[in-house]
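You will see subunit A twice below: alongside subunit B first, and alongside subunit C after that.
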Partner chain A sequence: MEHGHEIGSHSLAHFAGLTFNMDTLIMTWITMAIVIVLAIAATRRIELQPRGWQNFLEMAVVYLLEQVETNMGSKGQKLAPLIITLFLFLVVGNELGLVPGFTSPTNDINTTLGLALMIVLIVHVLGIKNKGFVRYFKHFFEPYVPFVIINIIEEVAKPITLSFRLFGNILAGEILLLVLGMLVPYFVPTLWLAFSVFVGIVQAFIFTMLSISYLSNSMQDGH
Partner chain B sequence: MRKDSNTLLNALSTAASIGFYLVSSVAAGILLGRLVDEYFAITPWGTVWGIVLGMIAGMWSMYKKVVGGK
Partner chain C sequence: MVELNGTLLAQIVNFLLLVAILAKFAYKPLMQGLADRQQKIADAIDTAERERREAEQLKLEYKQYLVEARAKAQSIVETAEKLAEENKEEILKSARAESAHILQKAQEEVIRERELALSQLRSEVVALSMAAATKIVKEKMDTELNASIVSDFIEKLDDEKIGGLPC
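And now, the complex of A and B:
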C-alpha cells in the first residue's frame, strides 16, 4: 500500500511494558480539551435566551436530562453529569475523525471497549448498592434457574454490543471516506462526509441511550 | 412535536441495536465456550455449546427488548 493517510493502523509507543496507541491517546486528549472548551464557552455568559454555543449545549443537556428523568426517575439525576459528558465526548470524538488530519479516538476498539466496560462496571456496582448483593445476583436466576447461563452470556455481550457497534461504524465510515476519495473524488465523498456527520451523532446517541437503559435497570429498587 | 422526535430517536436506537444483540451474544458465547474448553480440556464442546447458548441468549435479549421494552 502506498504511503499516505492510513486508517486502522496506529503509531505505537512502548512504556513500562505497556503498548500505547499514540494517535488514539493524542486524539482523546484533543477531544477532552474540545469538550472542556465547549462547556466553558457555553456557560461563560449564560443568558435567558440562549445563543451560540449555549444554545447547542442547552439543547443536548435538556434532551438528555429528559431521557434520564424518564428512564431512571429522580434517582438518576446524580448520574446525569456522567451521561451528558459521555454524550459530548462521543459526539466530539466521532466528528473529529471527519476533520482532515485528525482521526476519531472512537475508531480504536480500546477506547470504545474502555467506555463500555466503564458503563457495565457502574451498572453492576450501582445494582449491588441499590438492591443489595443477594437480591441483585438473584436476578441472574430469573425467570428460571437454568437461565443463569443465558443471563451471564447476555451480561458478557453487553460491553461487546456497545463497543463494537460504535467502533465498527466510525472505523468503517472513515475507511469508506478514504476509499471513495480515491475512487470517485469530490462529489460522492462529500455526500458521504455529510452522512458521516449524521452517523457520528446517531452513534453517540445510541451509545448514550443504551447506557441509560442499562443503568436504569440497576437503579430500580425491584419492589 | 417533542414527543414525536423522542419516539423517533428511541425507535432509531432500538432498530440500530437490535441486530447486534444476536451477533454479540454469539460472540460472548464463543468467548465463554473457549474459556470452558481450555479450563476443562473438552475442546470443542465448550465452544459448540457456547455458540448454541449464545444464539438462545441473543434471541432472549431481543425478545426482552422488543416485547418487554427493556
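And now, the complex of A and C:
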C-alpha cells in the first residue's frame, strides 16, 4: 500500500446505513490501546518517587489537573478524567501518524470535529445545568438583542476552529512529510519529522487548553 | 478528502469509551497515589520540623549543661587547690614538730650516755684506786696483820663449821 495513496483517502465500510472510515477507526483503536496500556502501566503502582515514563506522564497530568483546578474550580474535578484522557489521546494519536505505516486518527476531520462537537455539547449542557435554562439562553441576547447573531456565530465557530486547527496541522504535517520524503530524502524529512513531534504535542496541548477554557466558561456562576 | 460520515459518531463513542476506561482503571489509582504522596510529604515536613525543634531544644539544654559543668569543674579545681594548700601547711607543721622532737630525744640520749659513761668511769677509778691501794698496803702490813687476819678467819671457821670437813 503506497503512503501517498493512503493520506486523505479512506477505505470505507458501510454499517446500519452509515459510512465509516475503517482506517481511521483502526488507528483510533490502536491509539486507545496504547493510551490504556501507558496509563495503566504508569498508574498501576504509583511510586513515591516517580521515575521514567511515570514521571513524564505525571508531570503532564498534574499540570492538566492544575489547569482544571484553576480554571474550573472544585466543580471541574469531575471533568478532570475527560480532560486528561483528551490530552493523552491527542498526543498519542498525533504522534502515531509519524510512525511509518501508521496514520493519525486526528488526520480525519471526523475525529477532530467529533471531539470538538462533544466538547461544545458538554459546554452547553453544563451551562444549562449550572445556570438554568432561561438564564443560559438569555446570555446569548446580551448586552443587546441583536448580539444574538454574533454570539451564535461565536458558538458555531468554536467547534469548527477547534477541529480544523488540529485536523489541518496533523494532515498537513503528514502530507508534507511524504512530499519531502519524495523530493529531498533523508535529511530534510528527518528535520520535519522532529518538528512534527513538537507540533503534535503542541496541537494536543492547544486543543486541550481551549477545551478547558470553553468548559470553564460554562462552569462559572456569574454573568 | 474532507467528508463527514458515521465515523464522527463512532469517534465520539470511542473517545467516551476511552474516558470511561481510563477513569476507572487509571484515574482513581493516580489520584490516590498523588494524595498519598502529598500526605507523605506533608508528614515528612511535619516530622522534620518537629525534630528540628527538638534538636534546637536539646542544643540549648546541652549548652546549659556545658556551662554548668564548666563552673563545677572550676569550683572543684579551686577546692582541690585550697585543700592541697592546707595539707601542705599541716604536713610542714607536723614535720617540723617531729624534727624538733627527734632532736630533743637525741640530746637526752647524749646526756644519758654521758652520765652512764661518767658513772662507769667513776666505779673503774674506785676499783683501780682500790687495787693500787691494796698493792701499797700489801707491801707494808705483811707479817703481823696477816697473822691476825688468818687467825680471825680460822676462828670464824670453827664457829660456823663450814663444809663439815674434818680438821
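Definition applied: the second predicted complex is superposed on the first by the 217 of 223 C-alpha atoms of A that agree within 3 Å, B and C clash if a C-alpha of one lies under 4 Å from a C-alpha of the other, contacts with A are read in each partner's own complex, and residues count from 1 in each chain.
As a convention for this text, a contact is a pair of C-beta atoms (placed from the backbone, for glycine too) under 8 Å apart; a residue touches a chain by one contact, two chains touch by 3 or more.
As the structure is a prediction and not an experimental result, all values here were calculated from the model.
Student: Please tell me, clash or fit, for subunit B and subunit C sharing subunit A in the overlay.
Tutor: Because the two structures are overlaid on the shared chain, the partners are seen to fit without clashing.
Student: Please name the chain, subunit B or subunit C, that touches the greater number of residues in subunit A.
Tutor: The partner with more contacted residues on subunit A is C.
Student: Touch check for A:Val156: first (subunit B), second (subunit C), both, or neither?
Tutor: In the superposition, A:Val156 touches subunit B alone.
Student: Where does A:Arg165 make contact in the superposed view: on subunit B (first), on subunit C (second), on both, or on neither?
Tutor: Only subunit B; A:Arg165 stays clear of subunit C.
Student: Applying the touch criterion given at the start, work out whether A:Phe205 contacts subunit B, subunit C, both or neither, answering first, second, both or neither.
Tutor: After superposing on A, A:Phe205 lies in contact with subunit B but is clear of subunit C.
Student: With the two structures laid over each other on chain A, which partner does A:Thr43 touch: subunit B (first), subunit C (second), both, or neither?
Tutor: It touches subunit C, and subunit B stays clear.
Student: After the superposition, just quote the angle formed at subunit A by subunit B and subunit C, using C-alpha centres and rounding to the nearest 10°.
Tutor: 120
Student: Under the stated touch criterion, which partner chain does A:Phe20 make contact with: subunit B (first), subunit C (second), both, or neither?
Tutor: Second partner only.
Student: Could you tell me if A:Ile30 is touching subunit B, subunit C, both of them or neither one (first, second, both, neither)?
Tutor: It touches nothing on subunit B or subunit C.
Student: Should A:Thr111 be classified as contacting the first partner (subunit B), the second (subunit C), both, or neither?
Tutor: second
Student: A:Pro81 contacts which: subunit B (first), subunit C (second), both, neither?
Tutor: Only subunit C; A:Pro81 stays clear of subunit B.
Student: By how many Å are the closest C-alpha atoms of subunit B and subunit C apart after the superposition?
Tutor: Value for subunit B versus subunit C, nearest C-alpha atoms: 15 Å.
Student: Let me check the overlay on chain A: which residues of subunit A are in contact with subunit B and also with subunit C?
Tutor: none
Student: Sort out for me which residues of subunit B touch subunit A in the complex.
Tutor: Those residues of subunit B that touch subunit A are 6, 9-10, 12-13, 16-17, 20-21, 24-25, 27-29, 31-32, 50, 53-54, 56-58, 60-61, 70.
Student: Could you please specify the touching residues of subunit C with respect to subunit A in the complex?
Tutor: Listed in rising order, the residues of subunit C that touch subunit A are 1-12, 14-19, 21-23, 25-27, 29-30, 32-34, 36-37, 40.
Student: Can you list the subunit A residues touching subunit C in their complex?
Tutor: 8-9, 15, 18-21, 24-25, 28-29, 32, 35-36, 39-40, 42-44, 46-48, 58, 61-62, 80-82, 84-86, 88-89, 105, 108-111, 113-115, 117-118
Student: Residues of subunit A touching subunit B in their complex?
Tutor: Interface residues on subunit A, with respect to subunit B: 66-67, 147, 149-154, 156-158, 160-161, 164-165, 202, 205-206, 209-210, 213, 217.
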